[in-house]
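Both complexes shown next keep chain A, but they swap its partner, so chain B is in the first and chain C is in the second.
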Partner chain A sequence: MGLGVAELRQAAWYPVASSDDLPFRHVYHGQLLGQELAIWRADDGYVNVWENRCLHRGVRLSIGINDGAELKCQYHGWRYANRTAGCTYIPAHPADAPARRITNRTYPVKERFGLVWAALSADAPEMDVGETGFALRPMPVNALPEMVLSALVAGRVEGEPVAALPPLGAALVLNGAPGRATYFVQPVDSARAVIRGVVEAEPDLETLMAFNAVLSSLRDEVEAAARAIELPEPIVPRYEPVSVELATMPDLVIGRQATVRVMVKRRWQAALDVTGIELAPLSGHLPTFQPGAHIDLHLPNGLVRQYSITNGPGELTSYTIAVKREVESRGGSVAIAETLREGDVLAVSEPRNNFPLRRDAVRTTFIAGGIGLTPLLSMARALQRQGLAFDFHAFARSEDHLPLGPELKALGGGVSRHFGLGPPETAEQIRRVLGPHSFARHVYICGPGPMLELARGIAAELGWPDEAVHYEYFKNTHEIDTSSSFTVELARSALSLSVPAGRSILEVMRDNGIAAPSSCEQGACGTCLTRVLEGEIDHQDVYLNGTEKAAGNVMMTCVSRAKSARLVLDI
Partner chain B sequence: MGLKKSGGTSEMGNSKTLAPALRDLWHVIAASQEVPMGGRRVTTLFDTGLTVSRNERLRVARNDDGTLLPVIERYGCIWTSFGSPSADLFPIIEYGESDRRNIIAGSIGVNVSAPRAIENFLDMGHFPYVHTDILGAEPHTEVKEYDVEISFERDEILATRCRFFQPKAALTATEGQDVDYIYRVPHPYCSVLYKSCPTDESRLDVIAIFCQPMTEETIRAHLLLSMIDADNTDAGIRRFQQTIFGQDRPILENQYPKRLPLDPRAETPIRADKSAIAYRRWLSQKGVNYGVIPQQLS
Partner chain C sequence: MVTLYDFELSANCYAVRLMLSILGVQYETVSVDIYPGSDNRSEWFSKLNPEGTLPVLVDDGFIISDANPCLIHLAGKYDATDRWNPIQDWLVYPLMLGWSDFARRLTASAGGARTGVAFGWDADLPALQAEAHRLLRQLDEHLWFGEKQGRDWLVEGEHPTIADIAVFPDVVLSEEGGVSRQDYPAIRRWLDRVRRIPGFVVMSGVFPAAPARA
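After this line comes the complex of A and B, so read on.
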């Protein structure tokens, strides 16, 4: 055989674990060609094979915690999503969304006849190991993997057919074995291997024990032979460097691009005037999102609209959004309600999170008005999964108007529903659920503008500080005053631009070739947030809170302008 | 059959040349209490076997050729050097204050490089996860902004204005509160922290870690406590510190690679890691070449 380690490294599928090694919520420590693996099954059945190392400080993820949807590192509690291994939460900075695309190294995985298979390279050709079978008890052997394969071939019954299954497999009948089997050798390291035998169907116990006895004595022979030779050094694991953007800590810029293609998998009536849409990827899974995140949906009529992702953690096989048909629709919600059909292919942006959820609260309160429950639903699902305390108050005109009722119900006892309340009763309810502010309590509000204003006002009256009150407007209903004209200086680009009346800073920057991120372009979503170094800002957005506006060091370039003749931006 | 070398073991052995920044430094080799009068102890520093003995005077000799090495005794520990060290070790002024309890809380072997252990000592973000309900507790996980400077004058790293929420900062406390910390790294393998003292607001308790690099990937960590504490017994104070370190140890021993990578692209820093970023840069600038994976020059 004489396969060198270098050849074994070739892109190929190897068995790395038995399915039995992955009981409920366990993380299994595997190894392939010197590379340590963290192997775990999420509650949705998906098996993850990741490099066994948290990208933050190199701690093994096999000592981490599998919560069924995410893997949590033991050292600093970083959470990584099922399927993508994308980081969804960094507890040291609870107020921030992990702004950069921190993603652990994952390997392609397949599960077949009770074995988990992985390849170290994404270029591995399609796996060809047959479709059915039953895995025998694995047999670890301390010897060179190619020695183990040679011993299997040498130990066969002469005359019986033998089929090679490169790189390290063979179908044959071993001397003394009760029948034919296919043996795959897992190259754990340069001098360590596991024989994983597969037979056609589940045999009786006696047959299993006979196979095991034959493999045990084969192991003894091979290990004796291995002791007689000088064994190679263990393979030095490869640690790929993280990307420059991660190492140098700039924020990830997601422009108003639609880089992801999705298909409308399901479309249903989620409430009166609300359409539920499930968007599935054309292949594989969707990018990692964090609770509170939204996507831009590019509609067939050319409009771009923002919708919150309602999913729980680790759910990346589709995004579920809910769209309310607005009476005064500018064309977005009508396009969805009337023209979108199951099977339509749409373009969406990567998820962007301007409404991050802190998870360092003693208790979190959610106040949702109508369709405003969509981002809050995703947040509450994340807290529920982590076992953190929350209460969820959903306000709607009637039960029929409440979107995603079943999903809400699944959140359990923390949910209260309030129907058909007029403004005074709503105010009274909000006053009651908020109560006076106490240490480490946070509230998240999303709903129609007037209700949001009401809730924010009550929170302020009750002594809630701005930093404990988080909210997201659907849209900016304020009339934007674009009558001023002024100059903006872009400090880092060394560019001076004049902004005339009627045009936004964002538009003028774009005209001059500055690629600035944006999404809603009406001062609601927070995507175009920009640091201001000098000048007095004319805030016209609904994203920043009073404290942030007063501090005067950040602005939304899509709607806000200058009160002074000149603004200096950190761009 | 002898022990096989494991994958990441250094090739350095005695043959590798230590960087001058390490060779001319004092390095800890034992706690004083480990070598009583008439006592003798064999230990390892930089893969080199040494014998420490105390008779009429304290002596440190190499095991291979018997060469005597310089020796000093400071902060409850015995220190030696393979080069020409300065007259004294970095200062810890509080150690000399007459009303302090100075205790070596333990000398503990850990399978990790010295710089990984120092970085862990500087880190606050792990308190709620690793020292649960002692130094921190979920959900209070935030690492607030703090300041870090590399002092060229004193050649050390200083992290100030560090605060972390502690559920029970003192035995008398009923509510959690922020505890203040100051961290110093005055030596590539040593760090000193100052922490608000529960019994006297005007003073600070001092905890120091002195790492003895036995090999590139194994250390002994000597822990010094210098406390204003009239109530607890020595044994109680030791037990507390050993509990804390015992919680860190399994994390440290599961860090890969074991040597600290100095390439900024090896791992993913966040704002909370400012002090670690400064520490890695400082080690790089000094040319430290033991217990680290140096940055590849491209």
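After this line comes the complex of A and C, so read on.
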């Protein structure tokens, strides 16, 4: 009886759907060798083949919502990104960025010969089929896959050539069929299969019906034969354990990691003094990001700078960032503006999100100053995709100074642009767009320091609570007072360190072999956020809001210090 | 004044709720607890419908029982365009009646398997499931060739008919009776299309589809 399940399992490509099975915003329910699959085409044309199981509660993703860029589980709304299947949003935790490691299982996929192909293992050898073809109506058969193949071969017209297409295919002319076709048997399960016939080009309706009639009677014969034998048990689906890398806590990284290599695919003038840069992976796609996330960009001159990803959801073939040439550049923005060329290879960190977007607001307001629109653009694109209400206010010196104008315009009617306003007019506009706070409204602000202070001040005056006002500074412009000296106790590490004047907690910890992540190292980005168990904190960062600072249970170890003689950290 | 005697988990009641919602008809419901209450066997209900079946629609004192008569009544009275029940179109109308009959056979098989599983009612599950699969194979074939001819619905025409509404509930709920739709991709796409009809409402076990191309 030919191949057993073990051999079938050998790495090979099998068709799992017709290309026509994946219309706009549909999720196809497939199966291969016992593994259920959720198969969906994103609006960018990419076909995703995923394990049919939400990582949260195991609900089938094939009943989920394909929104064109992400797949949303029907049960509790977890969202997974096109291409990577990385989780981008968990509605039950609206204020938090999901861990990067929450990633569904994906399978290798190809679209060829009118069919969608998948393999259960990454080392399936290249397949030998044509590029284009037209898939006949698929014919599910409740019988052993090898029985189905035997029946196809037995049902051929003698004398016509037969071309075997291992592991489970043959090109032949079936008795009664209107012509030659290539037939692949999709091994759905141990005793279930689908015959997927392909012809060169779309035939007329009569021909399609004739093929269908021949395959239907072949199915009836094979099923009658299968009913007469004892069928094997269904294949027990393998839920691969999550890889060690994903299942364990990540190693604490020391400082800034440059783990992803990217190429400058395109650079262009995105506004006066602003360079737009599109960074593409050297192969495959880039890691999942969430709106608001930034990457560390490692420049050829050794400098490391943070830039927000501006992309919309599910766009993982490149990251687009925008870099403003700073008058008082410390070398980063000048290096980019003057030396970076298309084709250059750079290293970036994986995306990190310390500026997460809530999606449970009744209305979200974005206030962007100049280049500060970059993270907010990504956020607004996510809300736009989900059909959630937002208004976007972009402030700039002039239209020529407004970065990414075309991208902003694509956000539609919610965008207002404000040019050349002085501080009083800016304040008036901000006051107008915020208005008094009402239930479930949230504002996200990003821009130059003075404008941020202004907007935060106005929001506070208008009664907006701290938890509704979200912001990200480019940098910390406050002068850091490092004159204090104190002791830090690291509760988990059972270590006591003394921090002298002139040195940061982060530096002293590193000197003593304590690994701690960091990014901007000036108290703006939030990466080194650390829980404080005891002691009075001397906050000097611009990441935490007033309420968080007053609560006194977290701090930024890169700039903040102690007012008390002793601090106990949860490290 | 329209009143629907309704049981939330009934596929046939759902068909009528769907039609009411799609046509924008204001109505009230009276809940009839079929399971576990057996209210449909009560004296007061048997005065409305001696058969003891749901749904029952009372429209200005006019009493209509069972899904298909209810759908015909609603389409006739509330759809001025006659698109839902194209009674004038002698090519299409008989085909539509054929699919309405198909819906009854689905209720007997897929629907019977579902209530067998859900309420523990007496049912020969393997036989009902096999019959449901036999019917779904026909439906999938019909819809697949429909797509190739540019036909989105059960019968010809740009617009769905009451046949689509009559067939939809037992199909969309079939998996609750152990009847998987994995082998019926054209049915799954048609389910998406029905769920995108303006005014569509869900019920327990039925989820909305992603919006269509704008």
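Please note the rule applied: the second predicted complex is superposed on the first by the 550 of 571 C-alpha atoms of A that agree within 3 Å, B and C clash if a C-alpha of one lies under 4 Å from a C-alpha of the other, contacts with A are read in each partner's own complex, and residues count from 1 in each chain.
Quick note on the criterion: a residue touches a chain if its C-beta (ideal position, glycine included) is under 8 Å from a C-beta of that chain, and two chains touch if they have at least 3 such contacts.
Computed from a prediction, not measured in an experiment: that's the story for all the values here.
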item: Touched partner set for A:I102, first chain B, second chain C, both or neither; value: first
item: Which superposed partner A:I63 touches (first chain B, second chain C, both, neither); value: both
item: First, second, both or neither for A:G546, with chain B first and chain C second; value: neither
item: Which superposed partner A:P234 touches (first chain B, second chain C, both, neither); value: first
item: Which superposed partner A:L208 touches (first chain B, second chain C, both, neither); value: second
item: Broader residue contact with chain A after superposition on the shared chain, chain B or chain C; value: B
item: Contacts of A:Q74 with chain B and chain C, given as first, second, both or neither; value: both
item: Touched partner set for A:H26, first chain B, second chain C, both or neither; value: second
item: Contacts of A:P138 with chain B and chain C, given as first, second, both or neither; value: second
item: Chain B versus chain C as contact partner of A:P166, first or second or both or neither; value: neither
item: Shared chain A surface residues [contacts with chain B and with chain C]; value: 36, 63, 74
item: Residues of chain A touching chain B in the complex; value: 34, 36, 52-53, 55-60, 63, 74-77, 90-95, 102, 231, 233-237, 239, 241-244, 246-249, 359-362, 388, 440
item: Partner chain C, residues of chain A touching it in the complex; value: 17-18, 20-21, 23-26, 28-31, 36, 63, 65-68, 74, 137-138, 140, 194, 205, 208-209, 212, 216, 387
item: Chain A-facing residues of chain C, complex; value: 141, 144-145, 147-149, 181-183, 185, 188-189, 192, 207-213
item: Interface residues, chain B side, partner chain A - complex; value: 4-8, 119, 125-126, 128-130, 138-143, 250-251, 254-257, 261, 263-272
